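Across the two complexes that follow, chain A remains constant while its partner is chain B and subsequently chain C.
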Partner chain A sequence: MNDDAQDAVGDYRYGFHDPEDSTIRFDKGLTEQVVRDISELKNEPEWMTDIRVKAYRHFAERVMPDWGNCEMLNAIDFDAITYFLRSSKGTESDWDDVPEAIKNTFDRLGIPEAEQKWLGGVTAQYESEAVYHSLRDDLEQQGVLFFDMDSGLREHPEIVKKYFCSVVPYSDNKFAALNTAVWSGGSFIYVPKGVHVEMPIQAYFRINAKNMGQFERTLIIADEGSSIHYVEGCTAPTYSTESLHSAVVELIAMEGATIRYSTVQNWSVNVYNLVTKRGIAHKNSTIEWVDGNIGSKLTMKYPAVILKGEGSHAEVISVAYSGSGQHQDAGAKIHHLASNTTSRILSKSICKNGGRSSYRGLLQVSPKAQNCRSKIVCDALVLDEDSQSDTYPTMEVANSSADLEHEASVSKVSSDQLFYLMCRGHSEDEAMGLIVNGFFEPFTRELPMEYAVELNRLLQLEMEGSIG
Partner chain B sequence: MSTYLEIPIPPSSDHLWRYTPWKRVHPSAVNTIPDAQPLTISGGDLFKAVITDSDEIARSFIHSIAQCQELVLADEDLVIDVKSSGHVAAGELKIVAKGHNTLVINLMGEASWAGLRIVGEVLPASSLSIALINELSSESRLLRVEDWVVGKDASLEFSTLSAGGSYCKTDIRVNLTAKGSECRGSVAIHGTGKRHDDHHFEISHAAGYTTSGLVMHAACDDKSRSIGTGLLKIETNCDGSNAGQIFRNLLLSEKSRAESIPELEVLSDDVKAAHGAASAPVSAEQLHYLMSRGLTKSAAEALIVEGFLMDAFKDIRNKKVVAAMRNALLLHLDCLVI
Partner chain C sequence: MAEEVLRLSDLHVSVEGTEIIKGLSLVINQGEVHAIMGRNGSGKSTLANVLMGHPAYEITSGEIYYQGKPLVDLEVHERARAGMFLSFQYPSAIPGVQVGNFLRKSVNSVQGESALSAREFRVELKQRMELLSMDKTFLSRYVNDGFSGGEKKRLEILQMLLLQPKLAILDETDSGLDIDALKVVSEGINSMPSQTSSLIITHYQRLLDYVKPDFVHAMIDGNFVKSGGPELAIELEEKGYDWLEV
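For the complex of A and B:
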C-alpha cells in the first residue's frame, strides 16, 4: 500500500493484498467480444450469451445517471477496469484444496472459523469467481440448493432461466446492464417449500487485484412457506486507483416465505459500490434488507421490494458511515402493488471528516392497493462542519386508503449525552463511540451476533479521534 | 442573464418539473412568447419598477411577458386584489417590507393562464406576514414564482390557501441571509375535480442562528392531485440553525393522488433539521365521533377537511392573516356545498 492510500484509509484492517496470481486475466476495457469471451469461457448456454450481449449493448448506449454524485460517477474509467479475473482453477468444497494465498486471505478475514461455528453454508468469492463453497449436509438433504451462480447455472439452468433478470431486467439501469453483461460469481439459492434454513448462509466477497471489477450476481428463491437468512460481507485491499463493484441481487419470496438479506459492506475507500438489489414479495411473504455501509468511495444502493402479493411485508434497515472522501448514497424503495401490504424503513447515518451521507428513497402506492401501511424513519448525525447529510425521500400515493408516514431528522451528538458519559469516567472518544454504537443499535441487533460485534468494533475504530 | 428562449426546456427527470412538466405549464408552445395582458392590481400604492431576469425558466418566462410594479410597505396592513383577465395575463411585483406589515393578496379572475412573479425583501429587524388566496376561476392555469430575501433579525410569514385554478405550479424560494432571520410557511390546498396543484419550496439557511418552518396540508378529493416538494438547505458555517418541514396529505377519494418529496441538505453540524410527510384517509374514528353527534357523513367529512386545512395555519402568528384564511376557506367550502 502506498503512502497516499495509507493516509486515505487509516486503520482499514482489510487493506492488505496478496500478490496477484491469476490463472486467467482479461485485458482491461469492455467490448462485445469480452462479453462473449466470458460467456464462452464459462461454457454457458446460448440464451445466457444472448442476454449478456443485449445487456452489453444497452450498457454501451445508456448514458450515466444525471442524479446522485455525478462528479464521482463520471470519474469512473470503464476502459481501465479488468472485467474478468480467475484466481483459482475451480470452486473447492474442501477448504484445504483452496490455493494457499487465497486461503490465507480468508483465514485472516475469519471465514472458515465462522463457518464452523454458526453458518449453514458459505461461499467465498475471490475476484470474479467463487473459490470455496460448502453447504451443511442436513440442508442439502432437505433439498436446499446453494451454489455459486456459475455452478447454479450449470446444474439448474431451468430455474436460473426462469428467474434470471425477472426482478431486475438488464435495462433497469446502466449498472444493472453492466452486471448482466459481465456477471461472474455470486450465489444461487433455492429453498424448497416449507423448509426453514435456521442458520444463516453466508457469502464473502473479496476484491484483491488493482482496477478490478467485481460483478457478482445473486439469485435467491424461497418457495412457499420457507425461510432463509443470507449474509454477505465485502472487503478489498486499498490501492490508490479505483475498483468497481457492481452487483445485482434478485430475491423472490413465494407465498408465505421469508427472506432476510443482510449486508455488511466494508469495501476499502477506493471502491465504487454501485449495486442494484430488488426483491419480489408474493402473498403473505416477507422480504427484509438489513444493510450496513461502512466502506467504499461511493456507494449508490437502494434495496427495493415490490410488494406484489396481498398481505406481503417489506422491511429495510440500513446504516451508513461516511468518512473522509466517502459518499454513502443509500436508501430504499418500496412499491405497494397489492392490498394490505405493509413496509417499514429505518435509515441511520453518520458522517464525519468531510464525508457525505444521503438517504434517497421511494415509497409508492399503486391505485389498486388498498389499506397499505408504511413508516419511514431517517436519522442522521453530522459530527463536524466539513460533513454533509442529505435526505431525498419521495412518496407517491395513488390510493386514498393508504396510511404512510415519513420522518427525518439531522442533528449533532448531544453535548448532554457526552457530558453524562464523561461524568462516569469515559474519555470523549469512548463516549462518542458508545453514543454511535447506541445510534446504530436498531441495525446491529438485527445482525447475527458475530457480525454485530464486528460492526461495533469497526465503528469504534472509525470513531477514534473524532473528537476535536 | 439568459432570456427565456435561450434557456433549455427542463427534462422530466428534472426534479422541479417531474410531475408538472414545463410544456404543460407554458400557456402555448414552449418556444413562443405570447402576448399577455397585465394583471390588474388594486388596493395599494404601486410604482413602476424593474427587476432582473433570471436563469430559471419559469421566472424568465414571466419576466419576458410581464410588467413590473413595486409595492413598498412600511408598517402597513394591506389587502390587495390581483385580477387576471383575457387569455394570458401576467405581472411582476416587487415588494420591500420595513417595519411590521401584513399583506393579503386575493388572486382572482377568469384568464385562461395567469403568471405572477414576486420578488421580495424583508429588511433587517422588520416583519412581513403575507397571505395569498388563490380564487382563480376553475378553468384557469396558474404559474406563481416567488423569491424572498430575509434580513438580519427579520421575519417572513407566508401563507397560501390554494383552491382555485385547474392546473397550478408554484415555486417559492426563501433565502435567510443574516443571523436571526426567520421564515414560517403555511400552505393549505384543496383539490377538487381534476385540479392539479404543484408546490415547490426552497428555504436556504445562509447564516447561523436562522429559523424556518414549513407546513403544507393538502386535502385531495375527486380526481385531484397535489404535489409538494421542498428543499431545506443549511449551508456551511450556519451553526445554530433550526429548520423543519412537514407535508400532510388527506386523500378523500379513490382517484385522488398526492406526492410528497421533502428534502434536506445539511452542511453544518450544530443544527437541528427535521422533516416529515404523512398521507392518510379521513380517520374513521373522527368520522364516527362527529356522526354520533348527529352530523351526516358528508357534513362530518367537510368539517374534518376544514379542520385539517385550517390546522396548516396554526403556527402563523399574525391573527389578521389567520382570520383572512379562515374566512376564505369557509367561503370556498360553502360554495362547494351550494
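For the complex of A and C:
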C-alpha cells in the first residue's frame, strides 16, 4: 500500500491481502464474449446466457447516471477491472477443505467462529465465487434451501428462472445491467411456508485481488407465513487502485412472511459500492432492510420495498459513516402500491474529515392505495467543518388519505457533551466515540449483538486520533 | 496536619476576554467540606469549570495545585482520573448511550486497573441506587436524555458515589430539587467516605441544612469577601449579600 492510501484509511484492520493465487482469471475489461465465457464456464442453461447477453448490451448502451457523485462515477475505468476470478476449485462444506490462505483470511475475519456460535448457515465468497457453504441440518430438514447462487441455479433452475430479474429487471439501471451480465456468487434462499429460521444466515463477501469486480447476485424467497434474517458482511484489502462491487439483491416476501436483511458494509476506501437492493412485499408481509455503510470510496445504494400487497410493511434503517475521501450516497425507496400499507425510514449519517453523506429517498403512494402511513426520519451528525451532509427527499403522493411524517435534523457534537464525558474520565477520542455510538444506537440495537459490538468498535477506531 | 488536596493562589480567570475570577485564594485539605455561596454571576460556576479544565476558561494568572502538583498540566479526563469530580449544574444529554453502560465505562476509565469486577460493580451499583431511590429502569435509559431536573441530579450523585473522588465539586446540586429530592441527594453526599474533600457551590443555604460544611465562603464579583464556619451560611441566608459589598 502506498502512503496516500495508508493516510486515507488510517487503521482499517481488514486491509491485509493474500497472494493472488487464482485458478481462473479472465483478462481485464468487458465484452460480450467475456459475458458468454462466464456463462459457459459455469455451464449455465441457455436462458441465463440470453439474459446475460441482453443485460450486457443494455449496460453498454446505457449512459452513466447523471445524478449522485458524477465525478466519482465517471472516474470508473471499466476496462481496468477483472470481471471473473476463481480462486478455489469448488465450494466446500468443511473449512479444512478450503485453500489454506483463503481459510486463514476468513479465520481472521472471525467467520468460522461466528458460525459455530450463533449462525444458522454461512456462505463465504472470495472474489467471484463461494469457497465455503453450510446450512444447519435442522434447517435443511425443514426444507430450507440455501445455496450460493451458482449452485442454486444448478439445483433449482425452475425457482431461479421464475424469480430472477422479477424484482430488479436488468434494465433498471446501468449497474443492475452490469451485475446481470456478469453476476457470480451471492446467495439463493427459499424458506418454505410457515418455517421460521430462528438463527441468522450469514454471507460474507471478500474481495482480495486488485482491480477486482465483484458482482454477487442474491435472491431470497420467503414463502407464506415464513421468516428469515439474512446478514451480510463485506471487506477488502486496501489498494491504491479501485475495485468495483456491484451487487443485486432481490427479496420476495409472500403473504404474511417476514424478511430482514442486515448489512454491515465495511469495504476498504478504494472500493466503489454500487448496489441495487429491492424487495417485493405481498399481503401482510414485512420487509426490513437494516443497512450499515462504513467503508467504500463511493456507495450508491437505496434499499427499496415495493408494498404490493394490502397491509404490508417496510422498514429501512440505515447508517452511513463518511470519512476522508468517502461519499456515502444512501437512502431508501418505498412504493406504496396497496392500501393500508405502512413504512418507516430511519436514516442516520455521520461525516468527518471532509467526508460526505447524502440521504436520497423516494416515497411513492399510488392513487389506489388508501390509508397508507409512512414516517421518515433523517438525522445527520457533522463532526467538522470540512465535511458535508445533504438530503434529497422526494415524495410522490397521489392519494390524499396518506398519513406521512418527515423529520430531518443536522447536528454537531457540542463542546458541553464532550466536556461532560471527559469529566467522567473519557479522553476526547473516547468521548467522541461514545457520542457517535450513541447516535447510531437506534441502528445498532437492531443488529445481532456480535455485529453491534463490532460496529461500535469500528466507529471507536474511526474516532481515534481524529481530533486535533 | 491533614493532607492538602487543592490550593488556589491569586487565581484570575477570563472567559472570552472578560475577567470573571479576580485573585481567588483557597486551600482545601483532605476530608474538608467547603461551601461557596454567592449570587448568580458571582463566578461560582466559573470556578467549578476552570477546576475541571473547561477549554472556554482561560487562567490569566495565579496557580492551581491539586495534590501538590500544578493542575494546568492535566487534561480534563486526566483530572477525572486523578480523583476530581464535578457534579454539573446542567448535565448534558448523551442520546443513545445507556446509563448502565456509561457508568461502567466511566468507572473503568477513572479507576483503571483498580476498578471493580463486573459482578462487584453490579452489587455496588444496586446499593447506591437504592440509597438514592433510583429505580433500576434508569440503567437502560439514555444518559440525561429526557430526564427531569431531579433525575439528572440523582444521576450526578450516583456517578460521584461510584467514582469515589478525592475532591468532589458540586455545582448548584440543590437547584431545581423539591424537598424530598433534596433530602435524598443530601443523604447521597453524606454517604461519601470521610476522607473525601468537597467543594459545594450553592445559591441557597438549604442544602447546607443537610450537608454540614466546615467552611463557608461568600463570593461576590469573582472573589471571596468573607469566610467563616457554618454560621456564615445562615447569616447569608438571613441578610443576603448586600451588607458584604464595599
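We adopt the following convention: the second predicted complex is superposed on the first by the 468 of 468 C-alpha atoms of A that agree within 3 Å, B and C clash if a C-alpha of one lies under 4 Å from a C-alpha of the other, contacts with A are read in each partner's own complex, and residues count from 1 in each chain.
Please note the rule applied: a residue touches a chain if its C-beta (ideal position, glycine included) is under 8 Å from a C-beta of that chain, and two chains touch if they have at least 3 such contacts.
This is a predicted model, so every value here is computed, not measured.
Chemist: Contacts for A:E396 in the overlay, against chain B (first) and chain C (second): which applies, first, second, both or neither?
Modeler: So A:E396 only meets chain B here.
Chemist: Could you tell me if A:E405 is touching chain B, chain C, both of them or neither one (first, second, both, neither)?
Modeler: Only chain B; A:E405 stays clear of chain C.
Chemist: So in the superposed three-chain picture, is A:Q388 touching just chain B, just chain C, both, or none of them (first/second/both/neither)?
Modeler: first
Chemist: Could you tell me if A:E428 is touching chain B, chain C, both of them or neither one (first, second, both, neither)?
Modeler: In the superposition, A:E428 contacts chain C only.
Chemist: Taking the superposition on A as described, I'd like to know which of chain B and chain C A:N437 touches: first, second, both or neither.
Modeler: In the superposed model, A:N437 contacts chain C only, not chain B.
Chemist: Between chain C and chain B, which one touches more residues of chain A when both complexes sit on the common chain A?
Modeler: In the superposed model, B touches more residues of chain A.
Chemist: Across the two complexes, find the residues of chain A that touch chain B and also touch chain C.
Modeler: In chain A, nothing is touched by chain B and also by chain C.
Chemist: Taking the touch rule as given, give the residues of chain A at its contact with chain C in the complex, in rising order.
Modeler: Within the complex, chain A contacts chain C at residues 414-417, 419-428, 430-431, 434-435, 437-442.
Chemist: So in the complex, the part of chain A that touches chain B is made up of which residues?
Modeler: Interface residues on the chain A side: 66-67, 367, 380, 382-385, 387-412.
Chemist: Going by the contact rule set out above, which residues of chain C touch chain A in the complex?
Modeler: 52, 54-56, 75-77, 79-81, 85-86, 88, 90-97, 102, 105-106, 109-110, 142-143, 159, 163
Chemist: Given the complex with chain A, which residues does chain B contribute to the contact?
Modeler: On the chain B side, the touching residues are 13, 236-237, 239, 249, 251-281.
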